[in-house]
Amino acid sequence: MSFALDVLTILAVLTGSFFFLAGTVGLLRFPDSLSRLHALTKADNLGLGFVILGLLFQAEGLFAALKLVGIWLFALLAGATVAQLIARTARMSGSTM
Amino acid sequence: MPNSTTAGGFLLVLAIVLPVVGVLLSLPLGGRYAQRVALILMPAGLAVAVAIAVGVWRTNDVLQYFVGNWDPPLGVAFRADGLSAVMIVTAALLICGIGLFARAQFPTPHGAEARAPLVFWTLLLAVWGALNAVFIGGDLFNLYVALELLTFAAVPLVSLDGRAETLAAALRYLLFALLGSILYLLGAVLLYGTYGTLDIVLLSGRIQAGPAAWGAISLMTVGLLAKAALYPFHLWLPPAHAGAPAPASAILSGLVVKAPFFLVVRLWFDVTPKMPERIAAQVLGILGAAAILVGSVVALRQARLKLLIAYSTVAQIGYLFLMFPLAIEPETGHAWASTAWTAGMLQAISHAFAKAAMFMAAGLIAEALGHDRIARLSGIGRALPITVLAFGLGGLSLMGLPPSGGFVAKAMLLTAAVAEGQWWWAVVVLTGGLLAGGYVFLVLARALADASEPVTLRSTISPGRQAVVVALALCAVLLGFVPLRPLELLQIGRPDIAIGGLR
Amino acid sequence: MSDATLYGVLGAVLVGLGLFGLIVHPQPLRKILAFNLIGGGVFLLFGVVARRGASAGLGGDPVPQALVITGLVVAFAATALAVALLLRLFQETGRATLRSDDSPP
Amino acid sequence: MAFDIGLATLVLGVAAWTIAARDTFAAVIGFVAFGLLLALVWVRVAAPDVALAEAALGSGLTGGLLLSASSRLAHTNGSAVIEKPSAIMRLAAALFCTLMSAALAAIVLLLPEPAPTLAPQAAANLAATGLGNPVTAVLMAYRAIDTLLEVVVLLLALAGTWSLAPDHLWGGLPGRGDPVDRGGVLTFDAQLLVPIGILVGIHIFWVGSVAPGGEFQGATILAAMWILAMMTGLVDAPGVSGRWLRLALVVGPAVFLAIGLAGFALAGAFLAYPESHAKLVILTIEVPVTLSIAATLALLVAGPPNRALK
């Protein structure tokens, strides 16, 4: 059982890492702020979700699992907010950063 | 050294707590009561200070308090030796004098509270509490907190007027002070990592010459020098001290810069008595000498009175550090070392009184004339004779002329320098005295000259304020008459330095 | 080299790095930033001292750990006061630098 | 070990970026990242209490303060280019700082083995304080005087910040008064987050007596919530002469001091607590202290009074 969980964890965390990597490449390679934001928020939130999912298989008890999910939700909220604010600043200043 | 709380140790707690209570009362009561709170607490604080001195003198030993009954190294100790007692009394007298002087300058507003009085009276008390915490701190980290308390109380005093150039001066002062604190803390960290205690007495028993001790003491000393504005860290001082309102300048120049100096003395004489430090002490002496020469020469070239006095502070701080090469001299024994040590401390005290009086005299002159250009002081000697007299009496101490505390201090430094064969310091002391004579007479000659037209004063200066200034200046003078007994007080709690050297 | 020593060396480097920034940056805001970097290094050294002192079932000596918390609060207060001074200076003069020829009138 | 080497390298890289970055805003961003990474380092050196404080205060609040300052000073970057020290100066400074780091590192490597420690003493006396977290015991009992003076330091920093206000605005409100992002996503966030954040702050403070946390960490989170609410216009900043505000600022240190003085009579020393009730007494101190620290921290970020009272 625990071996199966470990395999699931490894798979999920690897998938998550892939999305993080993709998001980072996007951040470095995309031409303007809006598309960079697009790469960063979407890919990284998904990546974090997979990492959290992977860790959930290892969580000790319900409370720890809830904490992990909480981390993801807060990160989503913060990411969405910051992305909104940056996007608006970028649009208003008309910059390509 | 007693190993528990001593009788009368609670006085040390009061010395810190009383001003802090004042701060905590002033803020909620507001600007309409800040002055009253301060003036009520001043006699009480002075009484505590005197009681501490009497306690140390009577028991002929250190007063000690273990806060919360937790023994060091886990807990924090307060200790007052003779040196602490003398500094605490000096601070109390000066704060009271400055408080009386400042009543007219920062009056209680009618109606709504005003900014400057609230800030001034609150911070005056805060400076007092912080100074006492520095003078009785027995724990290196507690001393760090005390130093920060002092910084945060002192910096806003510089920019109390709100003029742009004082804001810049305050910011530069703050940056230097913060760098100094963090270097001091770094040294304390290394000492704790090596010896497992921050308590000064425990540390002095465990410390040994080695890279950690050397590194720590060097870092702490450099940090404290930045705060004490010893050459070459002096550049922040003149604009800060000259830009502050006169009573604040008196606190800053008279007292605040003495706190880091005091801690250097603590470090070098109480924490590291077993480490030979001759070369390092010579370096401190050289920096002191440079400060004396540079500060005095630049003071001579100032066009404004307050800047002249501020540069003279740079020079007078230099004298304080001449005591290190003379007092740390293991080979000639302690006979003359003790003389130099006492001279250094006496210089610190007499400069505190003299400089506070001079800054406040300059403040009165500026208030009366509406400017403080030295070239246009003619006639002020006739208009404000007592104020100019106070300035002159303070000047005696700076020059080292009798009768004054500065004279005794500088004479003792000379004696020690000659007796120990380190005559080059004597040359510096004498040159510095001549230069100080130059800038003091420069001012007095202008002030006493007859004006081509009678001076019109912008505002009348109350005799009470002039009396306070002259009283503080007289304190500096009187220190020249009562040397022996208080000087013995200075030696209480110092096992290493025999009192015999004084006689 | 143990973990604690590794972080000790990191703390030492951070102090030097911050000091460099403090010396070479003319803008006060960068100086304040550099000061915080020095602080981070000094506190980390204290943390390493604490970690080395782990015993009695504790992961580290709690005394230095507590002192670091005190130090962090003081550093924040210092930063806040410095930033307030700087912004006020900027408001008054329109510049945010400290020139050496600043002197009171 | 591999993880630690990676983490240390990352911290170092971000720190170097903070110093080297051309743009001040970028440098500040680097500093925030630096603080967060440093919090991880604190976890690695078994100091979770410090990690919380570093993340909340060192990175969060300090970062926010510096970010807003750098955006207000954004267009002053250019003038500084002229005043940069010469290349020789910079080289000398680099040499000096490298030597200093090397000397410090050498001292660290030479620290005595076994390391001196107060951990056994701190643990042995823990029972007398009734606390379960030795760090809180140091802050509130063994070295309570440091903590008391430090809360006063915070107050003085605030008084100093306020003292920078122009005379005619004394008694006025700090900040600019126009909520950022009115009705936007940040406001929505604040409405959602502030209640949760207040709960988290209280929780962090509360568990501090037995687990990592404490009044400083909890107060920082509470302060952050107040700042968020002020930024988004949910509440306005208070006037600096308000009686209630002043009381809130001093109630912590005042209670601390009063109980400390009561220790003279009840426990035989200043800042000593009667052993049977030590934990209760400490909590009685901590609650108002947390409140005062939170208020002071938030107002330090808000800055000097900037607008007249309405």
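We just call them A, B, C and D in the order they show up, numbering each chain from 1.
The rule is short, and it goes like this: a contact is a pair of C-beta atoms (placed from the backbone, for glycine too) under 8 Å apart; a residue touches a chain by one contact, two chains touch by 3 or more.
All figures in this text were calculated on a predicted structure; none of them were measured in a lab.
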* Selected pair, greater C-beta contact count between A-D and B-C -> B-C
* To do: List the centre-to-centre spacing of subunit A and subunit D in whole Å, with centres computed as mean CA coordinates.
  => 28
* Structure fact -> Chain-centre distance (mean CA atoms) for subunit A and subunit B, in whole Å, is 57
* Asked: With chain centres defined as C-alpha means, what is the inter-centre distance between subunit A and subunit C in Å?
  -> 31
* Asked: In subunit A, which residues are in touch with two or more of the other chains?
  -> none
* Residues of subunit C touching at least two other chains -> 15, 32, 45, 48-49, 52-53, 63, 67, 70, 74, 77-78, 81, 85-86, 88, 99
* Asked: Which residues of subunit B are in contact with two or more other chains?
  -> 74, 141, 145, 148, 152, 155-156, 159, 167, 186, 190, 192-193, 196
* Asked: Name the touching chain pairs, please: which are they?
  -> A-D, B-C, B-D, C-D
* Which residues of subunit B touch subunit C in their complex? -> 74, 141, 144-145, 148, 151-152, 155-156, 159, 163-172, 174-175, 178-179, 182, 185-186, 189-190, 192-193, 196, 235, 238-239, 242-243, 304, 306-307
* Asked: What residues of subunit D sit close enough to touch subunit C in their complex?
  -> 1, 4-5, 8, 11-12, 15-16, 18-19, 24, 27-28, 31, 34-35, 38, 41-42, 44-47, 49-50, 53-54, 57-58, 61-62, 65-66, 69-70, 72-73, 76-77, 79-80, 83-85, 89-90, 93-94, 96-98, 100-102, 104-105, 107-109, 111, 115-120, 122-124, 134-139, 142-143, 146-147, 150, 153-154, 157, 160-161, 164, 214, 216, 293, 297, 300-301, 303-304
* Asked: For subunit C, which residues are in contact with subunit D within the complex?
  -> 3-21, 23-27, 29-30, 32-34, 36-37, 40, 43-45, 47-63, 65-70, 72-81, 83-88, 90, 95-97, 99
* Structure fact -> So, in the complex, the side of subunit D touching subunit A is made of residues 181, 184-186, 189, 192-193
* Touching residues on subunit C, where the partner in the complex is subunit B -> 15, 22, 28, 31-32, 35, 38-39, 42, 45-46, 48-49, 52-53, 63-64, 67, 70-71, 74, 77-78, 81-82, 85-86, 88-89, 92-93, 98-100, 102-105
